[in-house]
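Every chain is named by a letter (A, B, C, D, E and F) in the order it is written, and numbering of its residues begins at 1.
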Amino acid sequence: MRILAIHPILEREGYDELTRKILSKVAFQGTEIDVVSLERGPASIESAYDEALAVPEVLKIVVKAERQGYDAVVILCMGDPGVAPARELVEIPVVGPCQASLTIASTLGERCSILTILREAVPTFWRLARRYGFEGHLASVRSIEIPVLKLWDDRDAVFRALAREGRLAIEEDGADVLILGCTGMMDLGERLQQQLGVPVVDPALAALKYAELLVSLNLSHRRVALSEG
Amino acid sequence: MRILAIHPILEREGYDELTRKILSKVAFQGTEIDVVSLERGPASIESAYDEALAVPEVLKIVVKAERQGYDAVVILCMGDPGVAPARELVEIPVVGPCQASLTIASTLGERCSILTILREAVPTFWRLARRYGFEGHLASVRSIEIPVLKLWDDRDAVFRALAREGRLAIEEDGADVLILGCTGMMDLGERLQQQLGVPVVDPALAALKYAELLVSLNLSHRRVALSEG
Amino acid sequence: MRILAIHPILEREGYDELTRKILSKVAFQGTEIDVVSLERGPASIESAYDEALAVPEVLKIVVKAERQGYDAVVILCMGDPGVAPARELVEIPVVGPCQASLTIASTLGERCSILTILREAVPTFWRLARRYGFEGHLASVRSIEIPVLKLWDDRDAVFRALAREGRLAIEEDGADVLILGCTGMMDLGERLQQQLGVPVVDPALAALKYAELLVSLNLSHRRVALSEG
Amino acid sequence: MRILAIHPILEREGYDELTRKILSKVAFQGTEIDVVSLERGPASIESAYDEALAVPEVLKIVVKAERQGYDAVVILCMGDPGVAPARELVEIPVVGPCQASLTIASTLGERCSILTILREAVPTFWRLARRYGFEGHLASVRSIEIPVLKLWDDRDAVFRALAREGRLAIEEDGADVLILGCTGMMDLGERLQQQLGVPVVDPALAALKYAELLVSLNLSHRRVALSEG
Amino acid sequence: MRILAIHPILEREGYDELTRKILSKVAFQGTEIDVVSLERGPASIESAYDEALAVPEVLKIVVKAERQGYDAVVILCMGDPGVAPARELVEIPVVGPCQASLTIASTLGERCSILTILREAVPTFWRLARRYGFEGHLASVRSIEIPVLKLWDDRDAVFRALAREGRLAIEEDGADVLILGCTGMMDLGERLQQQLGVPVVDPALAALKYAELLVSLNLSHRRVALSEG
Amino acid sequence: MRILAIHPILEREGYDELTRKILSKVAFQGTEIDVVSLERGPASIESAYDEALAVPEVLKIVVKAERQGYDAVVILCMGDPGVAPARELVEIPVVGPCQASLTIASTLGERCSILTILREAVPTFWRLARRYGFEGHLASVRSIEIPVLKLWDDRDAVFRALAREGRLAIEEDGADVLILGCTGMMDLGERLQQQLGVPVVDPALAALKYAELLVSLNLSHRRVALSEG
């Protein structure tokens, strides 16, 4: 199985390769992962506007990916940019980390919290949870107040902030599952889970595995016309 | 990875082996599947009462499975019997096909229908959908009116009934995804999907793949006490 | 009218008789109450696992109760263990305290809180509220952190803990109705109501009265096939 | 226990006494029931406007009832006219048949239908179901198209219309519980239940019994200020 | 276009004229606004009881307004008293500030808070939000604890209390939109919005503008019988 | 007040001017309306893909519109393309017809139906209704099966199809309000309303009027940081 993971941003030095390594650690034998970034588009996605600029480029890559024989596409951004239109263009599964994470979280507990980056993103996650039908499972959205572009600078600071907000989500908001609110927090879920003792869903990994699941079940979002009876 | 699939019923001649073959077709390389039935319990599960009798036996097998080193357990019945108590007994993932199917269906479309066996089961599925938080995604529950124990006698009759009710679910109830309502309809999803042109979730296969997903993401439903800060 | 109340646990010295007295205080003239415990099963119910073990024994008692001419059965545990399967076995009403309490609470105010025993039970009540369709009425679930088996040791300590958490539920979570989260808190509701000034639903008493209501309205959960037109 | 049932309409010859007899059949020993109609107000309630005119008169009766020592008040109209303001005026329970019926129906099945009188009332019941938080349990609202004032003229015609629409509610809308949509259908529930084989909630009787339940549990909707800690 | 705004209370010296001036500031050119109070009825509306007394008087005014050629009616009270029955009496739009405010707030953000006057009103707003279908958008209801009749005495004190609770709603409850909870807070929304930086919906103004919108779209809540095909 | 309405498609001969005329008929005195189409982008929007291509162009126009002094922007497409990102770019209100229509419909009745163009769009409207929080108000989505580009060819045929599906929505789905599902059905709402006797929301007109409402209330979706206390 071949899966293409797309960073809907301009490539940052070595980030595609780093991502490929992290995703490959959880992939099944036989899954081949490629990671690409955009050649044109935003440097990071911190708003719906950044997403809007990225989407047409993402769509080109998705269409090309299907032609190149990829079995599924994963779009590595918690806003799931381009997932809906991409599903109309190709027959292979297109997976967004936000929907995959909320979906999985709903099966691990009763109330989840999303730990996002900046306060401005809080309403966006309420909107996405509502859109996917998981509003009733969302106990809270908390922010760590570290900008996207600094997520990789001081990984320990990011972890400490996640641990702090995650603990508050559990103790004050009644969360029993946590979701990392940015694909740039990739690879911190496991450690956070060990420290806090509740399941922590890592959206980039969740999206990859969810794509594998759909491919091997031969399920996709195609909407074919009814064949004759 | 080793996964144990449990039929929460007395073994029927050759059914465990047949199930193992069907599940193995969709498993990833490296996943080893065993299938067991109960030594004591109901011959089939057609009611919450049958489930209640099966659950203590299922729990014994689940506990033993964890000790034997299985990485996850799947309980092959759409009522998800024993899933909740089993999750309190073991740390490995315990997956029920109903929750796995509803979860996956919610990501493939906006409104799903469950095609169940007998009319009496219809309220049960509304209750389960409500419990898992997917009530808003459930367009309808339709029954094919063929008893569980006859599901394997005339496979074509079962398929025709599923195609008939599935088509009605799409045309009259507005469903854009279908879920087979019984693990005994195993292996008919693919064919139904081809005929009707909408995604069809096969709950036994969905549960197996969902278990694989959780294991490789190192996610489970454990509720460990908070460690010290 | 004869109602059988079942403790789904092994009998504790004098507990059945104590329960009978407490329930009888609120029963109508003409209601005869019997209370039984299990001969085999768990010593207390603190988990879904304990429930699973109790259920088959509960079901035997329920079936026997109908044959003995009881008009309704009440299962005295907030997890409502065995209620769903029992409803398939008998035609008389089978009432669980959790559903009865949530139902009644929803008519007394807009937002209720459940005061449960241990933190571990919090997700269970969210799940039950969701299953019964009352998720939107549940403002919070709070725990008093006193183990079930100690509930009868220091009744004043239990009351003080309930008063403390109940007050927080009102002031911080916006609750206008409280539900005692364990049938072992039986008989403390009235006093708590006086102290806190909001309605407090006592689940054991609520379940008994709800059973009386159903019997005298000749309502039950039977699902009889449609008679011919 | 003394309960006052109020017809929020002008008295029709003998209707109060007839109602008293019907309600008394299901009352517990020790419950004394009085029934009154308005001295000023609408002849029947077929709209929110009729309700609005009735409410101030109903409130006067409710306040007087509390002074006279009644333990609870039941307002015999499916729009629950005056229930909310009455609850602010008195400390005794004030019960409306619509809320009582929806509440009870939610515990007897998963999806209920209301059989109302005229098509114009359909949106009103959706609004009431939403207001009480039972929108998710409401499968449909169907009308029998017989005016309120003719409900007592040809009781068999009313019954046949209820049976026809009730059957459609079960077969086409998936209802597993029915609610009579008018207190003027009083006393037809039992017979309909026998014919259709699903629980049928009779709102006038349900409201009476629910009032008895609240009184004997010493529960009411009072909102007393918090006493000092 | 002519719109009649009704204070469902006895007139307070100069209040009608003050209101007319405030509403006129936001009205479109060509909208003529009249404001009336009741000749008989409550001095202020602080409870459902006050509302019930006001409603019959309000309805008389509404009917007369339609005959006098008004194009719409606005009822200036956050409990929307008389809106539902008035809609049955007239064909012109009848607008309540609570529904108008919740509706508009739902389009400006994901989670809103209502800043009401007294704690006793909190459940009322949860009930209204549920009735109108906006329960999922309501993050909290907070009270400023200043009685209605004092709202105009010390306008600065009212503003400071609103600013304090509004800030808490944003920071602790996650609100991204605020709604003033009383038409008597009229004209404070703009200033609060400037101070807090989130949209603040002023219900009296919102209701007026919503009435204008409906009139110019020729939309109303009439429920006319189906004409022949 | 100056409002810019944007067709997120390439201009069709005379369509901008036609639209301007239709919108101007319902605008208030003092509202100046301009209509523009895209210079680059899709010829029509029939899919999320078409939307994605249009969005970056729409955003450029929105930003320019704010600089040019427009007071609000309306995006004339039922998928509300670009509304979310545009709201992050400008401080003036940006209104989408789908959200405006659902919002208004929710205040005119209890259950609405959307009459869309093609069957393929049905899930999209369920998703949008869920996203905006109006899922509980949506009774059905029905399609007239006439392609977007033919909407202006035979206006009578479009009207007849709308009347046919609208009638079915009322009679079979229980709708009491209808929403035209495409801005290309502009100007047919009034006639449909007269024929069917229920309110019919015309999304293009609704969006324009909603923009006017927000401007004159000085409300927008800005998310300004909290100023210091």
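Assume contacts are C-beta pairs under 8 Å (C-beta built on N, C-alpha and C of every residue); 3 or more make two chains touch, one makes a residue touch a chain.
It should be emphasised that the depicted structure is a prediction, and the values quoted were computed from it without experimental measurement.
Asks: What is the minimum number of touch steps required to go from subunit B to subunit D?
Replies: 1
Asks: Quick check: superposing subunit B onto subunit F on C-alpha atoms, how many degrees is the rotation, to the nearest 5?
Replies: Superposing subunit B on subunit F takes a rotation of 120 degrees, nearest 5.
Asks: Matching residue numbers in more than half of the contact pairs is the bar here; say which of E-F, B-F or B-D clears it relative to C-D.
Replies: Repeat of the C-D interface: E-F.
Asks: Would you kindly tell me how far, in whole Å, the mean C-alpha position of subunit B lies from that of subunit A?
Replies: That pair's centroid distance is 26 Å.
Asks: Roughly how far is subunit D from subunit E, centre to centre by C-alpha average, rounded to an integer in Å?
Replies: 30
Asks: Indicate the whole-number Å distance between the mean C-alpha point of subunit C and the mean C-alpha point of subunit F.
Replies: Measuring from centre to centre gives 50 Å for this pair.
Asks: If you look at subunit F, which of its residues touch at least two other chains?
Replies: Residues 109, 123, 127, 130, 132-133, 136, 176, 223.
Asks: How do the chains pair up in terms of touching? List each pair.
Replies: A-B, A-C, A-E, A-F, B-C, B-D, B-F, C-D, C-E, D-E, D-F, E-F
Asks: Note which residues of subunit A are touching subunit E in the complex, please.
Replies: Residues 122-123, 126-127, 130, 135, 140-141 of subunit A touch subunit E in their complex.
Asks: Which residues of subunit A touch subunit B once you look at their complex with the stated criterion?
Replies: It is residues 26-30, 99-100, 103-104, 106-109, 132-134, 136-137, 167, 170-171, 176, 190, 193, 195-199, 201-202, 205-206, 209-210, 212-214, 216-227, 229 of subunit A that touch subunit B.
Asks: Considering only the defined contacts, which subunit B positions touch subunit F in the complex?
Replies: On the subunit B side, the touching residues are 109-111, 136, 174, 176.
Asks: Under the definition above, what is the set of subunit C residues touching subunit B in their complex?
Replies: Per the stated touch rule, the residues are 47-49, 51-53, 55-56, 59, 82, 84-89, 120, 123, 127, 130-133, 223.
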